[in-house]
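In structure tokens below, several structures.
After this come two complexes, each holding subunit A, first together with subunit B and then together with subunit C.
So, the complex of A and B:
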């Protein structure tokens, strides 16, 4: 309960202190919703501004176009959950991160080379250089990258796969990138591609779930690595808040304002950036559970609804329970109900 | 004269009461929904399901996922018998100890109702609530053996 209250507080802080808008909605067709980092959901409209952590959700007839603050356009296709993210590179530079939790989007960079966002899904990410690229995320977690212009580099563990124009690759959860292949410039039929992935999954559900479990384990490890630091900074922020009140009571409004301006605000701005990075990982884990694992398990429940004693199904459920136990232990403490 | 007035008053009260009964509380309407499950495709039926939707122990929150999973269930022979063998206004959901299912259960509409019907998979529990085109919406299906 204490964690939930702290989470709600920091989510409000993120919203209140949001300074840079990362993207703006410039076109909407059909049903498109925005789910903010703090969990509010509302229909998307022209001119709506998005910050890191916000999601754009299109229905089967919905489509949206976004303009990125750093340059570049994104077209979010129907039946897609698109996440606007941000991340800090090892060199300390803040950069955008665009992901499809499910569905597809295309991205075209149209600004000076050097600050392109990273693109991909919750399980696979690519660095881009002066690129036009399409990204598809399937219901089994497979990510497909198609490069129309420029260069894309997909990092998967120690392996780097480079794609030039007219080349594509599919990255399956847990087993990495397949062979690079040439593709026709027209977008694929997402529904047909995804249906084939689901059939492949049902043919070998245990291995498929194992692959997704590997990706989930990586996200959970990242959360576990960062969580203590976030906890500590949240506690520091609380202490600063108490000190601010004390200074106001003892030394007056001017001293309070100075402490707020010089100490509290810079600390909270830094905390906000760290927390947005952290939340991106948390929401990636949630999206993987919500849109990939749930679909896989739902398909299994449906396929075996009349035959729940089947050993393949029972074995799948056992593996799913292990995945869910870890998810509940590591991710759920950082979620609020409005995240769903 | 007084009797006639009381009769009119009773009729008005009856009409008012009927108007406030949610479709989920009307067994005939629930059975009509069950008939539609059996008689229509998943694509047609999808306008009558809630989002999020609970299938088994999974909360599905994309309309494409819901339609695909319902299509799979129907293709694998899940037919419902139009007969209510039990019901409850307090909806109990299996798996509420998990975050997704717990949030789903907390956010059910106030008129949500739990209905047990026989099926080709044994007795199943339907969660119905809300309203679409005069009938309750199907919010979830769980096996109940």
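So, the complex of A and C:
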């Protein structure tokens, strides 16, 4: 059950690149940067517009407040990488997706109920109803949801974990949602919380990496399941292209146009849509590697800098190598330089 | 800034403007120049798909895939393998589609399948990061497919 969180958010977010979710910077304090999906980085300023895929990056003294086009306010806390996204639910409804790759943010929905965004991290996501919620994402990918008002629902496999006001839950990659607990309304000390997560991670890094590996394995399985079909249809698309050329040479322009209109266009339009969905899964795996696994590796490198021969560190590196081998085998062939 | 350095900067900037080349993408492109830049990359022998995507708004639905060769080989009218070379002429403001707040331009596309030309509409949005820099949000060629939803005809979006 717990292993299927990644698949759930893939299903929920499979068209995340399909819809633009606009937000506007309404307050900036300290050093805050915006990184566009295309990779450009510039200092955030009042009135800056954000689109799906853009990131707001705050330093240790930086803070930013965003107003969502669909209603709602987001406060991005210091030391956070916050991602503006969007998704289309299985019913076709357009909603935003707000997540922290690391750090924390709070979200208050202040428009009519019915179009609230999904909130969470790169590894866990929740639906919200008329909610004020705080989200924390730790270095190991653990996501903590705190509900101040309203209701939050976290889909974990076939199970839905519901949180009412003053309730919280932590969701760890691979091991799923823990017990729901009551929390004090004051924000937690993120640095202390994250330090505890890092401490827990360093106490048992192999188990933590295994948890993330399970998430990654589900993404890789999805890619492996769909890749042959995509490859086959891309080859068919090329064959249709050759046939198109041949028909043009043998039967003239009008026949070529008819073949393109009646045969090539329907096939390729469907292929294009499926390919775009497939690419989203590929880019999700890349995000997991970039945001969660890379941070784990960084913590381990720092912790064992003076003791690189430690068996725990060596074992971690062995597991990491296995994960990376699979990543290179399955994901990398579908990446292009401008994805990095 | 000393005088010699300032003169070099002014000469370089003037040369870039006069030559119409902007390798760093620092100058804004209007709709016509944007289409020219898009077609120039699409017609290239060795297409840089990252650069090709740079002609589109990050709001475009398929933006995450536009930097791959596979995406373009799965497109119909703008498939570089079978349809190049491309040209667009007579690009003018206005059109029959509406696409949010995008500005619509209409022109005539010629390609291998359409040597006589076919109407094409471009939806443009202004770049958030560079004033007057127009980016393509969607392309809608009218190549005769009848669709219940007009947006089904949007080839690049």
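We adopt the following convention: the second predicted complex is superposed on the first by the 230 of 340 C-alpha atoms of A that agree within 3 Å, B and C clash if a C-alpha of one lies under 4 Å from a C-alpha of the other, contacts with A are read in each partner's own complex, and residues count from 1 in each chain.
Operating definition for what follows: a contact is a pair of C-beta atoms (placed from the backbone, for glycine too) under 8 Å apart; a residue touches a chain by one contact, two chains touch by 3 or more.
Here the structure is a predicted model, which is why all the values come from computation and not from measurement.
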* Kindly classify A:201 by the partners it touches after superposition: subunit B alone (first), subunit C alone (second), both, or neither? => neither
* To do: Using the superposition on chain A described above, determine whether A:105 touches subunit B (first), subunit C (second), both, or neither.
  => neither
* Between subunit B (first) and subunit C (second), which does A:316 come into contact with in this model arrangement: first, second, both, or neither? -> neither
* To do: Go through the superposed model and pick first if A:328 touches only subunit B, second if only subunit C, both, or neither.
  => first
* Where does A:337 make contact in the superposed view: on subunit B (first), on subunit C (second), on both, or on neither? -> both
* **subunit B versus subunit C as contact partner of A:290, first or second or both or neither** => first
* Which superposed partner A:234 touches (first subunit B, second subunit C, both, neither) -> second
* First, second, both or neither for A:301, with subunit B first and subunit C second -> first
* subunit B or subunit C: which reaches more residues on subunit A? -> C
* Structure fact -> Note: overlapping subunit A surface for subunit B and subunit C spans 337
* In the complex of these two chains, what residues of subunit C are touching subunit A? -> 49-50, 53-54, 57-59, 61-65, 67-68, 70-71, 73-77, 79, 81-82, 112-116, 128-129, 143-145, 152, 155
* Structure fact -> Interface with subunit B, subunit A side, in the complex: residues 59-60, 79, 81, 102, 139, 191, 195, 198, 289-291, 294-295, 297-299, 301-306, 308, 324, 327-328, 332, 335, 337, 340
* Asked: In their shared complex, at which residues does subunit A touch subunit C?
  -> 17-20, 36-38, 40, 42, 48-49, 51-54, 230, 234, 237-238, 241-242, 244-245, 248, 253, 256-257, 260-261, 264-265, 268-269, 271-272, 275-276, 279-280, 283, 336-339
* Asked: In the complex of these two chains, what residues of subunit B are touching subunit A?
  -> 52, 55-65, 68-70, 72-73, 76-78, 98-100, 103-104, 106-107, 120-121, 143, 145
